[in-house]
Amino acid sequence: MKKIQFFTRLSSPLRKLMAVTGLASLLVLNSTSSAQEPVRIAFMDPLSGTFASVGNTGKTILEFAVDYFYNSKGGILGGRMIEVVPLDNKQSPNETQLQFRRAISEEIQIIFQGNSSAVANTLNQTISRHNRRNPGQEVLQINYSAVDPILTEDNCSFWHFRFDAHANMKLNILTDYIAADPNIKSMYIIGQDYSFGQVVSDTTIKLLNEKRPDIEIVGNEFHPIGQVKDFTPYVTKIVSSGADAVITGNFGADMVSLARSIIDSGLDIPIYTFYAAYDGITATLGESGKGKIRLIHNGVANPLPTEERKQFNRDFKIAHPNNDITQPRIVNALQMVVKAMEETQSTDPYDIALALEDMRFTTLGGEEIWMRGEDHQIFQQLSISVHTDEGVEFDADNSGYGLVTEYQVPLEETIVESSCQMRRPRR
Amino acid sequence: MLEVFIFATLNGLVTGFLLFMLASGLTLIFSMMGVLNFAHASFYMLGAYFAYSLSLYFGFWTGLIFAPLIVGTLGALVERYGLRKVHASGHVAELVFTFGLAFLIEESIQFFWGRDTKNYQTPDLLDFPLFTLFGQEFSAYRGFMMAISIGIFIALYYVLTKSRVGIIIQAAITHPQTVSNLGHNVPLIFMGVFGVGTALAGLAGVIAGPVLTTFPGMATVLGSIVFVIVIIGGLGSLAGAFIASLLIGLLQSYAIASDVGMPDLLSLLGISFDRGHPLNDLWTMNLPQIAPVLPYLLLVLVLIFRPTGLLGKREE
Amino acid sequence: MMALLKKSSIWIAFLIALLGLPLLFDSILAISILNQMAIAIVFALSYNMLLGQGGMLSFGHAVYFGLGGFLSVHALMLIEYETMVFSILWIPLIGGLFGLLAGIFIGSFSTRKAGTVFAMISLGIGELIAASSLIFSSFFGGEAGISGDRTFGPTFFGFDFAQNIEIYYVAAVWAFIATLFMWLFTQTPAGRMANAVRDNPERAEFIGYSSRKVRFISFCASGMFAGIAGGLFALNYEFITEENLNAATSGRVLLMAYIGGLGYFIGPIIGAVVLTLMNSLLSNYSELWMLYLGIMFLLTVMFLPRGFAGFIMMHQLAWVRGNMKMLIKPYIITGIPALLFALCAIALIEMSHTEDEVFHYLGFALNPASPVTWIVILAIAGGAFYAVKRSFNQLNDAWETANAIPKEEES
Amino acid sequence: MALLSLKDVTKNFGITEIIRGVSLDIVEGEKHAIIGPNGAGKSTLFHLISGRYNVSAGSIHFKEQQIENKPPYEIARMGLARSFQVTNIFQRMSVFENIRCALFWSKGYGYSFWHLLGRQTELNDEAMHVLEQIGLADKAKFPSGELAYAEQRALELGVAVASGAELIMLDEPVAGMSHSEAENAVELIRKITEGKTLIMVEHDMNIVFDVADRISVLVYGEIIATDKPKNIRANPKVQEAYLGEAHNA
């Protein structure tokens, strides 16, 4: 019996239909056939719905980088192109499951995913389960942005690699920075009521207690994620608490609304954040946020250290004038995965995973980064940058405002212990 | 504590008045046409986006005037060419229609304006603190929001009680059948009310956009709350909607401002649980955390004990 | 005997279709979609018990689905830790049981009235439970949800249910049983009185029935079947999150039932199948698929008020009279330009959205930057629109003739 | 002994008193008509007896049991059935289903969800029998909402009497019918209420005097007379208050 691939070939009747209606006369027939089968990698993030802007930017960066480094230069592994397959998970754990099944149905074995730790956790569990039950069809999770520490600690997996510093690493550096500021005597913590918000809260309290016991935590607030109309009532509490600084793990609209409410209330205190830049946030904060908003992130912001990195940004801007390189770690992840493939001359996830372990790699920005083998966590320099319009060579949202690095910590100082007890598959 | 209370009250009032601008239109539509307009908050969002685009070229004030007009026209068109057609298939069909409309408006906004947050700013003219109390500023823009909302309330009250059209509408809210029997052009009234109702929602969007952030999710955040207000206030009662709007605005604001929770209650009762208790989540719950669901709790309680709503004059 | 066979032939066909489909569509993706369909069918049918048969418009039906699912995942965990040992085949029963319990509890106060009051209580309850699921994270697992593993239970004739195809057969059998029982429910006094109360709650009281109690029974049964669907979900995905009991899920089931056709038992089944397919396949082709879904949905509500099933049933009369062939030609004549118009509209929307220099569409490479492309497509769309408009009257006439009462039948 | 007994029944809506102390005994087997000018409170009285409204004061006994302020379904279960002035059937269900639903309770099915209706031969035969009685057997599968007006009225009657109630209350059963339709309807009423107790509200005096054994005259919420038809015709009070007026009109 003929196996019917109905679901993936739906368009062919339509194609015929278009052909008979005579449209063909003015159109060039498309020809993307290549000699060798492409290496397919999935990009699974929200591409529609509320969170879509972050996902679409990430997709654009990955696709651009694939083209920039490899496809335009004849491909990898002796002439194979890389094909990025976008999978829209709408940032929902449910949809992630469905899209994962689509990925394995199309025999994709590498999945890039970054947004939402809840999704990353789901994907991690799903992949572990799938790989255990289907030996020979394993899938690799390339996590470029989900920062819940548990992914490389208690729930660490051989099939998961993280290319971003996790929340505790970032908070470790951020609290060092705060602790060094003698003007800060009290701190207000506010966050979305979900796992990352809670990690930020718990860890901040713990670390500040160790580093600066004199700093008083004058508020520790959780608000429901994505449901707050108006942050002013929260800001009222911040004002009346007399806090010298605010720390928040908010992202998206919750981040913008919170920051604007704080600034609108006339409160002139620093706001320490993780995600207060790009995708419209920088433009919206604009002048009012200048010098007040600080971000902790891995890699570098302005000034970019090398000419290659600058050129990459410029070329990207030409191709995509309305997007920014928001997450250079996507590029690092791609380059390291390809390096692992080239080293092993294989696209088998198991081989790639072994090659990635303890890989040291020099990024476009000239820094050396390290993928620790024991828990699959990347280590690289961490920076704290400020939202400003001075000294910004590469701005965000075409707004003239952007991030300028104020404080940097080299790789060695970012290393933290891991409780990971990895179960390694036998081959 | 006093400053927290004062600001919580002010914030509650700002939110409450804003909610009333949405709820007033929805009450009119709901009471007269029996349509639970799920897309009402989407018109609010459209207002914010139109005003944003207009403000880029002509400034904030042009947006303030024209965006609600555009939204109102769109609303009237939707009523004329969409809802009226669906009307024959019954209330569930109408409701499902508005449900789909809300979905479509959100998607269209993402299509035309993109998915990121929009840099829609308050006008420079109002970019100063109105007053400073206990070190906290109350921005002039918030004062302006309140003034507009109160102005709308007064205007609406005046039109509905003094003008001929208003009296017909009032009658149509409480006795929709009778009014059509009296020979008034009910379809035209419906279209007008729908247009005005959505224009009010649009106006709310215009003035809320700069402070509450203009982004594609802004309708979802408000959507069902407005419903809740209309139901709590009671069918056919604008006054009820007004009271319910302020009630919910203040309720949420006070709940966030308060710091009490189960731990306080338990310690008052002298009970304590350790963290490992299976119901630990319940014992550590606090009021700010559940503030957003309070309106729904209120809704369920009101419906169980007083199905007509606070000031409702009729059921169904 | 023959009569029984004839009566049950549609059920046998349904069972064969359920069990046979994976032989036809055997890719991993197809199995995944079939699994979703089986779950969606049970869920949508359970919703129709409320709205279509009982006249209760609910905005919170996902609560019963979700609670059933959460309890089922907890049951999976109990099996995993060997607190209780039973075959995972019975998991949907646990989901159903808790759906029923939740239905009994919530129904005890929400079914007093139908109409707006009921709808609003269901909305409020839905929001309350969805919100508390995020607060009570030890039970609901916060936004990441909770997960189990279905392979730890006793095996069933050597199957350990590791593969999705195995679970599909479990789901298919359960979906069949649930569908059968839901249909049988409509054939009982309680089921018929649910219709009566939907049509006229007042009159129902004067023939001896408490409308409230009739609604309550339907409500509980509906909650139970939603719980079974939740249990199937838990088995299929081995995890469940807050999403599964929030308003979006409640909205989706309303759409399924409505688009399929509320007045017909088969309606929600059609709706579940169509929406699941669209959900899974459309997103493959365009990131604007939600926009198309919205447009399609509005068009359905406006032009097919009785859903797809209603549209099919519209042809019953023509079919009975043997006039279907009169309709085929007009349908094709109107249908082809309509399809062409839709394709052109999609092309225009996509072209205005894309950032690429070449836009690949239906096998053609279009240049979005060139006005020629735009003009040509607009021209085709215009022509197609004109063709639809012109041929529509003929279609209408054909419809009238096909459904006209033949002379001898007129009395 | 009276089958139905009203004692000083009063009903007010707000400050308006609609029923002002009505006392009335209906004897088993009698055909009783209630007449009176518009707005006299006839329908309200029906609603009070059948449980749709609660009484403000007074008591109602049916089969010697107190029934005032009980929910309609409990009263119906005791054997009191009624029809409505405005057609009040299950619009989206078939004619057959309408009748069958009306039979459920009296046949002891209750809220059963374990009896399959297709197998209840006796019940289905009974429903068909009622349909034959009301002359709608050939329309059994017809959606009831699409019946002609007179047919809907017949179905309305059928739903009321199907359960085999001992006391049947008909609220203007022939209102809105043409003369010949009304005649048929009266025949039907006679046929299906044979051997049962009947209370009816009707405006058409010919029908009232034709059908009723006794007549009560309700004026402004009070019964001014209850008597045999010929005595009512002769009663000067009635003539003054109602009949004269009606005859002159």
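As written, the chains take the letters A, B, C and D, and residue 1 is the first residue of each chain.
Throughout what follows, contacts are C-beta pairs under 8 Å (C-beta built on N, C-alpha and C of every residue); 3 or more make two chains touch, one makes a residue touch a chain.
The model shown is predicted, which means the values in this text are computed figures rather than measured ones.
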Geometric centre: closest chain by C-alpha means: C
Farthest-lying chain, centroid of Cα atoms versus that of chain A: D
Whole-Å separation of chain centres (CA-atom averages), chain B against chain D: 49
Centroid spacing, where centroids are CA-atom means, of chain A and chain D in whole angstrom: 74
For chain A paired with chain B, centre-to-centre distance based on mean C-alpha positions, whole Å: 35
Between chain C and chain B, distance of the C-alpha-averaged centres to the nearest whole Å: 31
Contacts with 2+ other chains: residues of chain C: 131, 135, 288, 290
Junction residues of chain D, two or more chains touched: none
Sites on chain A at which at least two other chains make contact: 48, 52, 56, 193, 224
All touching chain pairs, where touch follows the definition stated at the start: A-B, A-C, B-C, C-D
Chain A to chain B touching residues, read off their complex: 48, 50, 52-53, 56, 193, 221-224, 226-230, 232-234, 236-237, 239-240, 252-253, 256-257, 260-261, 264-267, 279-281, 283-284, 286, 397, 399
Complex contacts: residues of chain C adjacent to chain D: 184-185, 187-193, 195-196, 198-200, 202-210, 213-214, 217, 221, 263
Residue numbers on chain A that touch chain C, as the complex places them: 3-8, 10-11, 14-15, 17-19, 21, 23-24, 26-30, 47-49, 52, 56, 86, 88, 92-94, 97-98, 101-102, 104-106, 117-118, 121-122, 125-126, 129, 133, 193-195, 224-225, 320
Parts of chain D lying in touch with chain C, wherever the complex brings them together: 50-52, 71-73, 76-77, 81-82, 84, 88-93, 97, 100-102, 104-106, 109-118, 159, 162-163
Residues on chain C engaged by chain A in the complex (per definition of touch): 24-33, 36, 131, 134-135, 142-145, 147, 149, 151, 162-164, 237-239, 241, 243-244, 280-281, 283-285, 287-290, 339-340, 343, 355, 358, 360, 362-366, 372-373, 376, 380
